[in-house]
Amino acid sequence: MRLALVGSADRARYLQDQASPGVTVDARPPLGGPETIESMVDEYAYIPGVLDVVRASEAEGFDAVITGCFGDPGIDAARELVRIPVLAPGETSMVVAAMLGHSFSIVTVLDSVVRPLKKLAQNVGVAGKLASVRVIGVPVMAVRTERERVYPLAVAACRRVVEEDDADVIVMGCGSMSFYAAELSAEVGVPVINPLLTSLRAAEMLIGSGLTHSKRAYPVPPKIAGYAARA
Amino acid sequence: MRLALVGSADRARYLQDQASPGVTVDARPPLGGPETIESMVDEYAYIPGVLDVVRASEAEGFDAVITGCFGDPGIDAARELVRIPVLAPGETSMVVAAMLGHSFSIVTVLDSVVRPLKKLAQNVGVAGKLASVRVIGVPVMAVRTERERVYPLAVAACRRVVEEDDADVIVMGCGSMSFYAAELSAEVGVPVINPLLTSLRAAEMLIGSGLTHSKRAYPVPPKIAGYAARA
Amino acid sequence: MRLALVGSADRARYLQDQASPGVTVDARPPLGGPETIESMVDEYAYIPGVLDVVRASEAEGFDAVITGCFGDPGIDAARELVRIPVLAPGETSMVVAAMLGHSFSIVTVLDSVVRPLKKLAQNVGVAGKLASVRVIGVPVMAVRTERERVYPLAVAACRRVVEEDDADVIVMGCGSMSFYAAELSAEVGVPVINPLLTSLRAAEMLIGSGLTHSKRAYPVPPKIAGYAARA
Amino acid sequence: MRLALVGSADRARYLQDQASPGVTVDARPPLGGPETIESMVDEYAYIPGVLDVVRASEAEGFDAVITGCFGDPGIDAARELVRIPVLAPGETSMVVAAMLGHSFSIVTVLDSVVRPLKKLAQNVGVAGKLASVRVIGVPVMAVRTERERVYPLAVAACRRVVEEDDADVIVMGCGSMSFYAAELSAEVGVPVINPLLTSLRAAEMLIGSGLTHSKRAYPVPPKIAGYAARA
Amino acid sequence: MRLALVGSADRARYLQDQASPGVTVDARPPLGGPETIESMVDEYAYIPGVLDVVRASEAEGFDAVITGCFGDPGIDAARELVRIPVLAPGETSMVVAAMLGHSFSIVTVLDSVVRPLKKLAQNVGVAGKLASVRVIGVPVMAVRTERERVYPLAVAACRRVVEEDDADVIVMGCGSMSFYAAELSAEVGVPVINPLLTSLRAAEMLIGSGLTHSKRAYPVPPKIAGYAARA
Amino acid sequence: MRLALVGSADRARYLQDQASPGVTVDARPPLGGPETIESMVDEYAYIPGVLDVVRASEAEGFDAVITGCFGDPGIDAARELVRIPVLAPGETSMVVAAMLGHSFSIVTVLDSVVRPLKKLAQNVGVAGKLASVRVIGVPVMAVRTERERVYPLAVAACRRVVEEDDADVIVMGCGSMSFYAAELSAEVGVPVINPLLTSLRAAEMLIGSGLTHSKRAYPVPPKIAGYAARA
């Protein structure tokens, strides 16, 4: 089972270490987008690179692709383009959260992504279980490079969503916060979902179940279907 | 009052003819995107051009921008980038439809845009009044160039949404179908909303009311805010 | 373009000053209802006068009518009676608010109108975006006559809906508060919708778009249709 | 236990025959409204008479009032005015229907009341269980005077809501159709709710439980509270 | 009119004292379940006893059965088994609450039943009016045996749901709290629903209206229908 | 990784054949319940056996339990009792379906389980994506023993949910229909979810992600917590 990760070699190595026997994870970094995603402007700038990687991954023979940003930018277009499963970390984390409790909250980086994540929950179809989205108030880069300063902010936000918002489950709302999940769960006492790791496991689950997204839901774009028809 | 239209000179001329006294409408065609938008792949490919036009329009001193595709691609990022009103034809048409009846339907081109338009209605916040989305089954280009063949298909779809789906109001779900609206309304007997014309009028309404989108809803992207702070 | 306002000569004069070139606004005060509307009892007592004005306005050749109370009393019956657009300040303000942000709050006068306004939001179809309804705790008359005392209460309420209820946009939930909107917006930093002014602009928008309410949604009452048929 | 019915002596006599031992039902016909209610125009014209009866009934010492039209016109204002229970046939029928099955449909007279009844279901809070509203297509007066012609139309509509709309329970959506309920239920095989009779029983239930509407929900109108305070 | 109560002789005696003339209430205690119900584990353990009582009650000729726990355990299966009305205290209390105000809260015993009661409100179809579920934090047994200690906790919880959660009506969310309802209502100033008493009255209402649950909603189980068919 | 299946040795063997390397699946048949589950009466009769198996499985050291009926009977109580993941086939299938398309339908056995499955979808939190529940009209036993007769009925139902109900994804709504899934998917052209296989994969996913249900959502029952505290 060969999986492509839209992301850095570092992250692919992390996932490779976690992967089940017989599963390989290769990095396919997207070209040309922003280094971190903190607004809708960033999201759209990131999409062309994602779509190129997704398409190339199917052509290369990968069994599934995992996209790399929690906001799931371009996921619908990616699924229009290919037939292999495209795992979206945000969507995957939220549906798993819906299995583990009656309500979940997302803890993420900055105010500027709160509204987009609420919209994402609505599009995924689980907004009825979303208790809240709270931020720690630091940019993505700080999550990566200043763990000592940032981790306590994450603990505080996680406690608030449990105590004030009645969340049963917490979702790390940023790919870079994935690496905080296990420690936070031990500290706060509720499941904390690691979007990267859970996307890896969900990829194994879908492939192992013989499932991929429905092409009724994500049809081949007419212009591409047309070209094919002519060829 | 100076309005920029993300679109062709032809369309700007059409709107100029309709505009209130003292209002000018200038075309600002987006660069580099697809000629028509019939899938999410098309939508994302169209966005960079839209964002460039929106940003440049504010810099040029326009009072508002009207984006040119019914699917409202990139509208949230566009509003992050500027403070002048950005009129989205899909959103505008749907909220006006909500004022005119208890339910409305969208009549659009191809199956491939049905799901995105349902999501759009949900994001706009009026999905509770959306009776249905029906298609006429032709590509956008045919709407523009084969009116004689296509118009009867539009009549048939409009009749169905009224008779079978209980729609009080119909929204033309494609910029190029704007030009069918008046004739269809006369034929079918319910209001048929012309997204282009209604967006023009809504731009006049917002400017005349001293209103624009809330920057709490569409904050300046952190990376841009940061640059500004440093400058 | 000739507009009738269900309300006082003072208000009509205010709107006339704001109106676009070529638009006239005439006052048509309703007879026999209460001077201010602060309960459902008041609303129903106000309706007969509204309906008379609406009917007479169509007969007089007006192009649209603007009703004068934010609670939109009798609007559905008014639309049953005529074919010209009937602009409802509450409905109009809420759909415009839905265009400007992800959530909006209503700031109004007294507890007694909170529940009716929540119902109104639900009927308009935008309740999913309604963050809250908060009151300033003074009767309508005080809004008109004690601006110095009342305005600071309005500022406080507006700050709370932004800071505690996460409102992107504020709607003045009382016709008499319309005159506070511009100053409040400058002070609080989010769009504050003036129901009277926005209704005027929306009337211009609908007429300019060739639109009015759907008679499928607001059919001619059977008794009237019957009389007509017999005549 | 003394109950007032907003309606004719005939209907009060019917309810008196059904009433539990020790319960009296007196007719209090509303003055000045239309004879039948088939539009929102009719509803509003009917309200002043209802409010007068409700107020007078409390003053006369009645233990509860039953309003007489399925659309529940003026019910919120009525409850603002008094402290005794005000039974609304539409609301009462719908909440009882919600107890008897997973979904219910309303069968009523004319298209012109369909939208108002859907709104009513939403306001009552049980719209999630409303399967459909279907009409028999005759005016109220024909329901009363042409039972032979009309009853088969009611049977046909009841069959459709069960077979096509998946209704578990049927509600007669017009006071005058109350008298068809028992026979229809026997014929169609699902519970058919008689709004008049069920309102009588619900009045007995509320009084027997020591319950009435919450004055937090229906506060005394400020103008009346004010007069009282001054008196 | 003969009613069976799934519960103790004490409770039946209480209801008998309240019952209308001509109504008898007999206790039918369920066998083998837990003495109090404070978790889903308790609920399921209680169900076999309930179903036995319900079935036997119909066989004995009772006109209706009132089940005895606010969580309504097994109510859907009970209705599959019989044709006489099965009154569920939770469901009944919530639909009556929906008639008395725009929002209601449930005040109950322990955190462990909060989620099940929220689910119950959703299944009943009135979750849109549920303002909150709050607990007093004592086990059911203490409600019964330590009224002096527990009652003030109930007062405090009732004040909070009114002041903080905007509840118009309060529902006692535990059969044993029924006996606090009247005193709490007098103290807090909003209607407080007594689930036992209200279920008794609702039983009288349904029988008096000739109504019972729809067998379309609660069909005879195929295995039982099959046995019958073969017999 | 050791998994317990609440079900027959045959089914455990089927899952063992599918399981990933290093995963063992052992059958733990529930005692005393009905052989098939076709009503709420059946569901409740099945629960005690399920709860015993779940508890014993944790005690035996299993890493997770998969319950065996699509209706997920007793799942909330099961999660109250243990800390290891309890995989519910209905819930699991529906959240996976939500990942694969915009809408899904359930194809199941008999009318008597339609309403319970709709409730289940609502409780899982994905009812917004549920297009329909359709039945093939045969008892569970026939699904197992008369595949030749039953399979074409399943094909017909699957075609209808795609063509008439707009389902992107189909869920087999009965454990015994799991074995039809792969063939149906090939025939109908959309993903068809096999609840048993998908539950196995989801168990691997949760264990591999270090996740289990939140004890905030499913607290230890007070009576058990109490015993523990005393011990």
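Annotations for the structure displayed:
Lettered A, B, C, D, E and F in written order, each chain numbered from 1.
By definition in this document, a contact is a pair of C-beta atoms (placed from the backbone, for glycine too) under 8 Å apart; a residue touches a chain by one contact, two chains touch by 3 or more.
It should be emphasised that the depicted structure is a prediction, and the values quoted were computed from it without experimental measurement.
Ranked by separation of Cα centres from subunit D, the top chain is A.
Rounded to a multiple of 5, the C-alpha superposition of subunit E onto subunit F involves a rotation of 180 degrees.
Residue numbering at the subunit C/subunit D interface overlaps substantially, since over half of the positions present are found in both copies. For the pair subunit C and subunit F, the distance between C-alpha centroids works out to 52 Å. Chain centres here are Cα averages; for subunit C and subunit E they lie 44 Å apart.
Taking each chain's centre as the mean of its C-alpha atoms, subunit A lies 30 Å from subunit B. Listed for subunit D are residues 102, 115, 217-218, each touching two or more other chains.
Per the touch definition, subunit E reaches subunit D in the complex via residues 18, 20-22, 91-92, 95-96, 98-103, 124-126, 128-129, 162, 167-169, 182, 185, 189-191, 193-194, 197-198, 201-202, 204-206, 208-218.
The touching residues of subunit D, counted against subunit C in their complex, run 34, 38-45, 47-48, 51, 74, 76-77, 80-81, 110-112, 115-116, 119, 122-123, 139, 217-219, 221-224.
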